[in-house]
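Here subunit A shows up in two complexes: once beside subunit B, once beside subunit C.
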Partner chain A sequence: MRITFRDVSYTYMIGSPFEKKALDAVNLTLSSQTFTGVVGSTGSGKSTLMQLINGLLLPTTGQVQNGDFILHRKSKRKYVKQVRRQVGMVFQYPEHQLFGSTVEEDMLFGPKHLGLDIEKSRQRFPDLLELVGLGEEILPYSPFSLSGGQMRRVAIAGVLATHPKVLILDEPAAGLDPAGHRALLDLLRDWHDQHGLTTVLVTHDMEDAARYADEIVVMDEGKPVISGAPTDVFRQADQLAGLGLDVPASVRVSRAMQAAGWEVADTLLEPEALAGVVIDQLSTVRKEG
Partner chain B sequence: MQPIIICDQLFFRYQEEQEWILHNFSLQVNKGDWIAVLGTNGSGKSTFARMLNGLLQPESGTVTVAGYEVADEEKIWNVRQKAGMVFQNPDHQFVAATVQDDIAFGLENAGIERREMLQRIDEVSKRVGIEDLLTAEPHRLSGGQKQRAAIAGIIALRPDIMIFDEVTSMLDPKGRAEVMETMKDLNRAGISMIMITHDLEEALMADRVIFMEKGKTIRDRTVHDFFQDPDFLKTRNFTLPYFLEMQVALKKHGVLLGNLSLSESEWVDRLCALPSEM
Partner chain C sequence: MLQNIVIGQYVPVTSPLHRLDSRSKLISLLALAVIVFLANEFWSYLALLATVVLFVALSRVPLRFFVKGLFPVFILIVFTFLLHAFFTNEGYVLFSILGFSIYSGGIEQGVFIAIRIGSLVILASLLTLTTKPIDLTDGFEFFLRPFKRFGLPAHEMALMMSISIRLIPTLLLEADRIMKAQAARGADFTKGTMKTRLETMTAFIIPLFVRSFKRAEDMATAMDARGYRGGEGRTKLRVLQWRLQDTIACIVVGGVGVVLAILRDF
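So, the complex of A and B:
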């Protein structure tokens, strides 16, 4: 599903002393079936942007188009609910949102809330749990008997159980150990590819943005300020540094090599591949010399 | 070198029918050392950290911190003053309405008189770079500022040891860099540090790395030696920092042999100088 923001602003607590304009006239399109990484320093408006996609927040001005649905300030609740049915959202620390007495009850929460067929949803649970690396034997367990990483995966299986067309992931891997981190994002990227979703990943981790996203949007003070393919976005290392952001290590190393006269393309290479470039050029130098 | 932390054969579990969460866990830390604690989720890192200032007590075994037995209830406030702890979530660590009052709160509890208190607030806020934020409400600060404010509240008590439990995992890159700078500064000033982290780049800053699995230390080496065995991390599906991974790949081709360098900038310099050496 294509998502388009047209002149969208969002202001929290309008009219109060704490009034805060979190998004400022945003124009942005997320193409259908792309995996977009959204980066930006804390407070730049990433989470607000995400909540506008599924109608948890409605624009103060402007409109958000989600497939054929258009959300604006006055959208009716029933209409918003139809949008929400298409959009799965994994918040930061989703394990804090588990509250059922069993894993099964928690996984049923989303489908029930959205009015989906409960029996059909239930039949899919074993497959979904297997997908996230857990077994169906945990269905009757209390979620609180699980480890943090397991709880996280249950919460995500619960969101996937609603079969969303759009998947919004707000730092889904924060706090996981490196193995769990990688496994979770690999799984979400695979699910995205297999089901032709439109996915948005909010992350502080530039390595993840580079590895998983097709497109990157950089937010600053309530506006997208840089966007494009990862290679193009990370070419602007100085602007990113000015926004308090890093570039991936591959970019750091290749830029230093370029400055020292190596011929390295501006692509994000895996370390083995960049090592390959070094080996090739050294052997050329040796032959010539 | 006299050890400042001694954990001797600790056994711990949260419930009786549970398996051991710390399983014959022993560790000695020398004064001034910076220890990185790595491990999978659930391996017992936070449980171990909570033993160090008596938030948890072992079922058997002893913990000695700065000369005090942590099991000695009469000395528990001495222990907590000597060993301060910073947690992952910057939002859960404040009690007062302003940063200044928050630092003062800990000092009042420790019975520090007012003039000394003001002097210490001034000193620690400069140390961590929050001197302009003293009258701010904690929840208005950025993540990195919150963590530094939390650190200021602890170092105001002049601890010998600081324990950091995944303190950068919720921060953006700038906040993370700020907190790491503060940590380096504290260690230079002689504070012994236990830093629990999932971030291998952060672990590179430490003197020594321990790796926990199932309540045990399965590896305990100097940072230099720890990273000379990349396969240990790879077989546990931990992705190596990029520049180390690249060194491993180059070594396979016979380029830049010898020990793996743990400094990205130093190594990149060597790499960049290669063609001219040919």
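So, the complex of A and C:
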């Protein structure tokens, strides 16, 4: 589903001394079936942006279009719920949302409250659990008896249980060890590709944005300031630095190599790709020398 | 969803009342709570009302915050007003409804009582609106300290209060996040049958409890790790300071008491 923001502003605690404008006249389109990384420093408005997509927040002015659904300031509760049926959301530390006495009960919460076919959803649970790297034997266990990593996987399975068309991820891998971090994002990217989802990944890890996103949107002070393909975005390293943001290590290394006279493209976003180029160059040097 | 809750009511503006030491404000409130009951006829009530208006103006807190504070006691005020209006048989008859004669004395008494309750509530909210919760607990601790010799754990009580106050925003944030996470999964906290709403509430409260206990445990560990052993011999980061303005404030409040005592009917 295509997501379009039209002149969207959002102000927190409007009319109080704590009033704070989080988004300022945002115009932004996230094309259907793309994996978009939203990056920005703390307080840049990226989580506000994300919560506007499924109506957890309604825009103060402007409108958010989500497929055929249009959300605005006065959208009705029932209508918002229809939008939520399309949009799955994985918050930071999703394991904090677990409550059920069994894993199954917890995973059924979404399908039940969004009015989906319960039996059909239940039949998909084994596949879903396998996808997140767990087995169906876990279904009767209490989620609180699991390890932290397992809890997170269960919570994510609970979000995917509603088979959303749009998936919003807010630092889904925060606090995991490097291997778990990669594994989790890999599986979410696979799920995205297999089901033709529109995914938004909110992160401040540039390596993740570079590795997983098709498009990157950089937020600053409530506005998207840079957007485009990762290679184009990371070419503007100086501008990003001005916003308090880094570029992936491989981009930093290739820029340093360029400065030292090496022939390296600055579009290598993954360490593996850069390593390949370095090896090639080194072997030519050795042959010539 | 929870974004409109103001914690501890404190309104961060600068005003003479905000600058006062929390202790002088606590003493003043205590004194004023007694003084309010001195008023018993027209001029003394007028003086009381003038004092309250003056203090509210001095606080520079927007009026709607006081209205918000008055709202819960509004029914009580209306009820006592009506009670007095119907059941006081003094003065002359103004009019009769439903077989009750409304006397001028009744209306007068009703208005007086309404002013009395209203003033008390406004004065009490003045304290919380102009004092940071953490300063307030420091003030409380100061006044509770003398009772320590009778076994009152003054420092621990103050510590409990400040920890609770400190964690209110954290807890609200947590609550907001959990609510949103469940709302994203289709939970509806305002509508639905009893059964679905019960489940929705469970899905909100259980995670909140789990997190709170976890947080309390972490905090206890952190305090232990830093060798926290209670209040004996601890110094404070922020020391309460009694200045001239605090003495003046107390004198002004005392003056109000004297004026009301002179004006009232004996």
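One rule holds for everything that comes next: the second predicted complex is superposed on the first by the 270 of 289 C-alpha atoms of A that agree within 3 Å, B and C clash if a C-alpha of one lies under 4 Å from a C-alpha of the other, contacts with A are read in each partner's own complex, and residues count from 1 in each chain.
Basically, contacts are C-beta pairs under 8 Å (C-beta built on N, C-alpha and C of every residue); 3 or more make two chains touch, one makes a residue touch a chain.
Worth saying up front: this structure is predicted, and the values here are computed from it rather than measured.
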Exercise for review: On the superposed three-chain arrangement, identify whether subunit B or subunit C touches more subunit A residues.
Suggested key: B
Exercise for review: Using the superposition on chain A described above, determine whether A:Pro178 touches subunit B (first), subunit C (second), both, or neither.
Suggested key: first
Review point. First (subunit B), second (subunit C), both or neither: which does A:Asn54 touch?
Key: second
**Study point:** Touching partner for A:Asp246 - first (subunit B), second (subunit C), both, neither
**Key:** first
Check your understanding: Does subunit B (first) or subunit C (second) touch A:Tyr12, or do both, or does neither?
Key -> second
Review point. Which of the residues in subunit A end up touching subunit B in this complex?
Key: 40-43, 147-149, 174-183, 204, 206-207, 244-246, 248-250, 252-253, 256-257, 259-262, 271-272, 274-276, 278-279, 281-282, 285-286, 289
**Study point:** Parts of subunit A lying in touch with subunit C, wherever the complex brings them together
**Key:** 12-13, 16-18, 51, 54, 56, 77, 81, 84-85, 87-89, 91, 94, 96-99, 109-110, 112-115, 144, 158-159, 162
Check your understanding: Which subunit C residues qualify as touching subunit A in the complex?
Key -> 3-4, 6, 11-13, 62, 174, 177-178, 180-188, 190-191, 196, 199-200, 202-204, 206-207, 210-211
Practice item. Within their complex, state which residues of subunit B touch subunit A. Key: 39-42, 88, 142-143, 166, 169-176, 198, 200, 236-239, 241-243, 245-246, 248-250, 253, 255, 264, 268, 271-275, 278
